[in-house]
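Chains: A, B, C and D, in written order; residue numbering restarts at 1 for each.
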Amino acid sequence: MSSQFKGRVLLAYSGGLDTSCILRWLIEQGYEVMAYIANLGQEEDFEAARQKALKVGAIKVFVEDLRKEFVEELVFPSVQANAIYENIYLLGTSLARPVIARRQIEIAKQENCTHVSHGCTGKGNDQVRFELAYLALAPSIQIISPWRLEEFYTRFPGRQDLLKYAVDNQIPVSQTPSKPWSCDDNLYHISYEAGILEDPNVTPQKDMWRLTVDPEDAPDTPEFIDITFTKGIPSRVQNKADNTDISEPLDLFIYLNNAACRNGIGRLDIVENRFIGIKSRGCYETPAGTILRVAHIDIEGLVMDREVRAYRDEHVSLQYGKVLYNGLYFSPEGKLLKNIVNLTQDCVNGVVRIKLYKGNVIVLGRFSESESLYDMEESSMDVQGGFEPKDSEGFIKIQSIRLKKYGRSL
Amino acid sequence: MSSQFKGRVLLAYSGGLDTSCILRWLIEQGYEVMAYIANLGQEEDFEAARQKALKVGAIKVFVEDLRKEFVEELVFPSVQANAIYENIYLLGTSLARPVIARRQIEIAKQENCTHVSHGCTGKGNDQVRFELAYLALAPSIQIISPWRLEEFYTRFPGRQDLLKYAVDNQIPVSQTPSKPWSCDDNLYHISYEAGILEDPNVTPQKDMWRLTVDPEDAPDTPEFIDITFTKGIPSRVQNKADNTDISEPLDLFIYLNNAACRNGIGRLDIVENRFIGIKSRGCYETPAGTILRVAHIDIEGLVMDREVRAYRDEHVSLQYGKVLYNGLYFSPEGKLLKNIVNLTQDCVNGVVRIKLYKGNVIVLGRFSESESLYDMEESSMDVQGGFEPKDSEGFIKIQSIRLKKYGRSL
Amino acid sequence: MSSQFKGRVLLAYSGGLDTSCILRWLIEQGYEVMAYIANLGQEEDFEAARQKALKVGAIKVFVEDLRKEFVEELVFPSVQANAIYENIYLLGTSLARPVIARRQIEIAKQENCTHVSHGCTGKGNDQVRFELAYLALAPSIQIISPWRLEEFYTRFPGRQDLLKYAVDNQIPVSQTPSKPWSCDDNLYHISYEAGILEDPNVTPQKDMWRLTVDPEDAPDTPEFIDITFTKGIPSRVQNKADNTDISEPLDLFIYLNNAACRNGIGRLDIVENRFIGIKSRGCYETPAGTILRVAHIDIEGLVMDREVRAYRDEHVSLQYGKVLYNGLYFSPEGKLLKNIVNLTQDCVNGVVRIKLYKGNVIVLGRFSESESLYDMEESSMDVQGGFEPKDSEGFIKIQSIRLKKYGRSL
Amino acid sequence: MSSQFKGRVLLAYSGGLDTSCILRWLIEQGYEVMAYIANLGQEEDFEAARQKALKVGAIKVFVEDLRKEFVEELVFPSVQANAIYENIYLLGTSLARPVIARRQIEIAKQENCTHVSHGCTGKGNDQVRFELAYLALAPSIQIISPWRLEEFYTRFPGRQDLLKYAVDNQIPVSQTPSKPWSCDDNLYHISYEAGILEDPNVTPQKDMWRLTVDPEDAPDTPEFIDITFTKGIPSRVQNKADNTDISEPLDLFIYLNNAACRNGIGRLDIVENRFIGIKSRGCYETPAGTILRVAHIDIEGLVMDREVRAYRDEHVSLQYGKVLYNGLYFSPEGKLLKNIVNLTQDCVNGVVRIKLYKGNVIVLGRFSESESLYDMEESSMDVQGGFEPKDSEGFIKIQSIRLKKYGRSL
């Protein structure tokens, strides 16, 4: 507790046991510590966390409401992109990290901090995501990553050691028994991993899921919602049953989240590949994100040119998903891909009508007043509109030139 | 009915009004006609269809059960590939065409037919799929596509004209009133399109769906099924509740179809882009296919190397989906892609445990006895197994070299 | 010569035998014909062509100098994109077509033409390129493509028939004996195909090549040129030996063309795959284009981020090349790709020093005053600058996690 | 010099100053050292190197001729793949590493070595390539990488320190003054980097290049060579002028190397992006590789299906190039890609006739006796063979459906 002054650290603080111990330990090592709490909509008593940080020894605490920029700058563009990781994961944790890191660096600069710190483990994706963002935004910032420091992780080999340290240092400890898994939540999603979930064949217990109701417990009658997209961004949500008509992005997103949660929508249980080349099992809930993905893909069917859509599917969605997953949002390729996504969304204007029912997001129909790629007469099988059937003849014959040669070699 | 002899045609015959009129019309034009009925598991009285073809004038009728090769050669490989079109369509119609066309050509050769014919419209995908397959397999075969022949489509501008022609020619006409949409089914799926569905904002009426029950009408209690994959192919289905344990491909597929149908699984309503560059709205049911896609993607998470999986996702699944959709199964690129899919599936061995409930396919867990990429100790956040946390430090630092430069330009 | 009035046609006219006969034939069919001659820098006496068109019967002739827009809007962006077709072809003909078609449509609209026409054959790429551009820019324009009209091509089965028709109709015929191949040239390139070149094993005779000298006949001493790029666009060419210092795009391009031609640079002889699925053998000269490709790729090495470059190489260059080759410049995907190219070129600023010698374009060095991704200290093997060698250790260890598992299965 | 026994090391030994000092230093640290010298065709007195290793203290020395497997297993498949890195680099160093590492691991296992070691720096690609290969092939092998060990690199901060250590330890030192750059050569290529080359604007001095003559000094008369490919592998080289007719892979490759070298073919000077995210300038000579790339791409034009070629170009060549460059030959994706390459090459059979002249590789013609995709009559512009011109009409019209809609929005 008596080392020389080593610098000023801005610590990403959660209010939990780990970062509270880290806060105190950093002070012990000779750092002056400020705590930074990002509000991304997670379930948390932010005021209690602030008081706790001060009690543990932070000289200053920042509680920052980042929900709006999270939804507008990260979540909605990823809906536009149909961003996805390994076919299935909607990138909940990944999307939060850039927003958290960016504000942390802003405050660190403003408060003349020499260091930033976080409580991520040394085997996960989040250490990479935070630190690549820190270094892109402040190339000369120094990073303290306690769970990668031998002096730290050998001192705290298990949870009991942290608890003992907390008690020894008058750090308040939650009386709630800890769960046999860890979780991370924000407005967009919650993730569960580690502990008993590490066996990929163990079915999560029913009470693990915190956001959504079990589909089996969801209402027996469906709900009907209309979602309007403007340039691929959800811009309006309507529900006649409860007179909902919302356009403000954050409110709209929260409304969809609630609707999804009460209808049991958005659960996922997968084994994924971390950037740190190991496999890991995660369970996720992404309520509104799941609805928006279905609706966005649907409206694109109506209004997007075939080749632009194919290009985006082949060359953008997976790539952008990977960039986000790997913590490369603040990178040349991250910027490029986000700009490309925008280039594809000018025409994505229209309304999708959906039904929510016990885990299902069912599309009932869609229309667009401004876009006109869909042509009822032309696509009709009944009328001779749009083009001559004999045009298809030439089309097929030209396509077959190559194939006839192939056929000769069969 | 008195023109000169023009050749012998093998007509893909469905037993319906269109192909019955085509059959007679071809005879009228001077052709000798054989009828070919492919059994891909569609709902059909094949014996009645055979008798009808003979009555209309076919000199010979072939009814061919192609279900097994359909499942083994087309459906299962597309499960292996995670093949999909425009993010969402599971290619039900596309998968059937190569099997139908191949057998048609085999019979045409065996019977010395000079021509083949089909009843597809001149605006759809199926004309392309059939004819590209015909021409690849028999480059010099002649194709009669009546709906693209002016003399045919001007003679039969509407359904009434076909009906009148049928009555005039003693062709038996079904008494069932026709639906205000058209549909095409096989063991794997059913599609609905045209008619009132041409307005993409019209919600299909409840009784349109023929295969699956409405999720709202599905049982209130879930079913539990275990699916085993061997090299990415579904090789065993088990359901303890009803003592199911099936390994035979066709039986296994039919079992999954039934399970999906009774639990309301596999409906889809989309606007898609046809190969013939127009947009079209289609509703689909793909019951077993939907379960298999979920399960196959899940087991891959457990057993597949990250980079192989990423390669397949980026370079194979969409591409193979497009090849199938566009009728290019019998093509150099179709053959190449199918072979590439195989190269990726050696390790895809394991069991996925799923729950079916009112439209949902829920993964409960998975395991593999033979594959070992997942390493519980290594991925554990608790233990120091597998690698040193400080390795991550170097990994991040090397990754950040580029980003720090990027940061300087922000 | 006495049919009724069928409309007013704007014919893309070259002054040669084919389009002169087409001009007269269109008049014969009852059309009023205007002639349109695009100057893209091809070797041509434009005034003579104008007079000839009038003499043959055109009611009006437009000679349009499109060289500047050709270089600025088509050629330079394709240098930025490193656009290429089938590894090797620099798209000379393809790049000219959009510029020609666009102006043709503009004039057609201004002159109230009901039709446009061209002299392309029915088996080549150019008919597709012209007509797709026409239809994108004027969806309701009518197109007359004589070489696809049975009444035309059966009337003129061979060159002799065209010659006879010309003589019969007082169309002046060039006395120069025709070459046993056809060619098409513009400022950017010349192509040779057909005739004796159709045997892909016949080496073109020495005097076929019209733009560049044979490398064996090029000067024995090299020339030295500096090329400056600004956002990927060639913005300055300097040659101290002859006091050259040019910034005007067209002049700069012409200078490079001349330098390349006299040094034997830019010849190519390939078999390529046409959009109309047949193979075809072509010989090409692309003098300045060849220099610019080498120099542009070189400067990108110095200034472009690795991942942006890799993205562009994998997802843009080939795709843009294919779009151009297939005549889809005026398409949603063409516009998208051109915009993506721009997003990648902001940093492509710097100077490349090259040596031209007997067919070779040799890079001697490069520098950039504004960009700084290259860091001499960091990349030095001698000093410990930039990062710690032990960082590489962690980087390698993390990368190897997957591979060790792979190793166990070998 | 007196530490305890730490294990037995197999050191990749070059005979040069660095690895000689490493050899002695390892002994000093308590290791028993065996030396391993891989003969990949580099310019080296292998017997002298063996004696030197023994003199410095190696208990055993292995000199292994790996040239044949290098050419057959690495070089030729990369010709088949048209593998390339960043548009231009032919992967000379990368291709050698897997062969060297594989034999090193084989010997290490056979000799019960506990460790392997190499002399690569801590900032380059080669450390990654060697070590990823070691770890894939022997997951539990221990690696000593002296230039990443602080105790080593702080003891030898500069070349003078190595020289002094050599003198102090009776290690023979070459009297040739060292060059102001470093180089690495093998049968396939030589690379030059570091030293004065670190300034990317410094033109390499004329006498740096060791393999090829300067194009300006090459013969004034060209040479003519025919290269036969069988399944994409060069299988025969003929030169009538000197009665050459070679089919043995290694001999054939050496012959092409000599022909290229004397004609000034294969030089390159680039700035590239290392896997270790820094930029680096390299100069390369790849004589035979340059000829083979030109010839292989050419024959593919004649015999390969368009879509297979496009697939390979878009999805295989760059990807395989990156895998090789990044040292991932022994990886799941490396194996997959190599197998995919094979799938594409069955048809690549034929002969390319080339002319070599002062740096130029000029294709004169090509033919294939077994393949028949090229059809002279069909591609002819003169005859009406193969397909009806009016087929193109339908082809274009169908293609334009999308574009007309796009046009309406312009």
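Going forward, contacts are C-beta pairs under 8 Å (C-beta built on N, C-alpha and C of every residue); 3 or more make two chains touch, one makes a residue touch a chain.
All values derive from a computational prediction rather than experimental measurement.
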Every chain in contact with both subunit C and subunit D is listed here as A, B
Since subunit A and subunit D are copies that touch, just let me know if over half of their interface numbering is common to both, same, or not, different. same
So the centre of each chain is just the mean of its C-alpha atoms; given that, what is the distance between subunit A and subunit D in Å? 42
Calculate how many whole Å lie between the centre of subunit A and the centre of subunit C, each centre taken as the average of the chain's C-alpha atoms. 44
Provide the list of subunit B residues touching at least two other chains, using ranges where the numbers run on. 276-278, 305-307, 319, 328, 331-332, 373, 375, 378, 386-388, 390, 392-393, 395-396, 398-399, 401-402, 405-406, 408
Subunit C partner contacts - residues on subunit D that touch it in the complex: 82, 86-88, 121-124, 127-128, 131-132, 135-139, 145, 147-148, 150, 153, 158, 182, 193-195, 198-203, 215-216, 220, 222, 267, 269-274, 276-281, 297-298, 301-302, 306, 309-310, 313-314, 318-319, 322, 328, 330-332, 353, 357-360, 362-367, 373-376, 378-382, 384, 386-390, 392-393, 395-396, 399-400, 402-408, 410
Can you list the subunit B residues touching subunit C in their complex? 305-307, 372-373, 375, 378, 386-388, 390-399, 401-402, 405-406, 408
Within the complex, which stretch of subunit D touches subunit B? 276-278, 305, 307-308, 311, 315, 319, 328, 331-333, 336-337, 339-340, 343-344, 398-399, 401-402
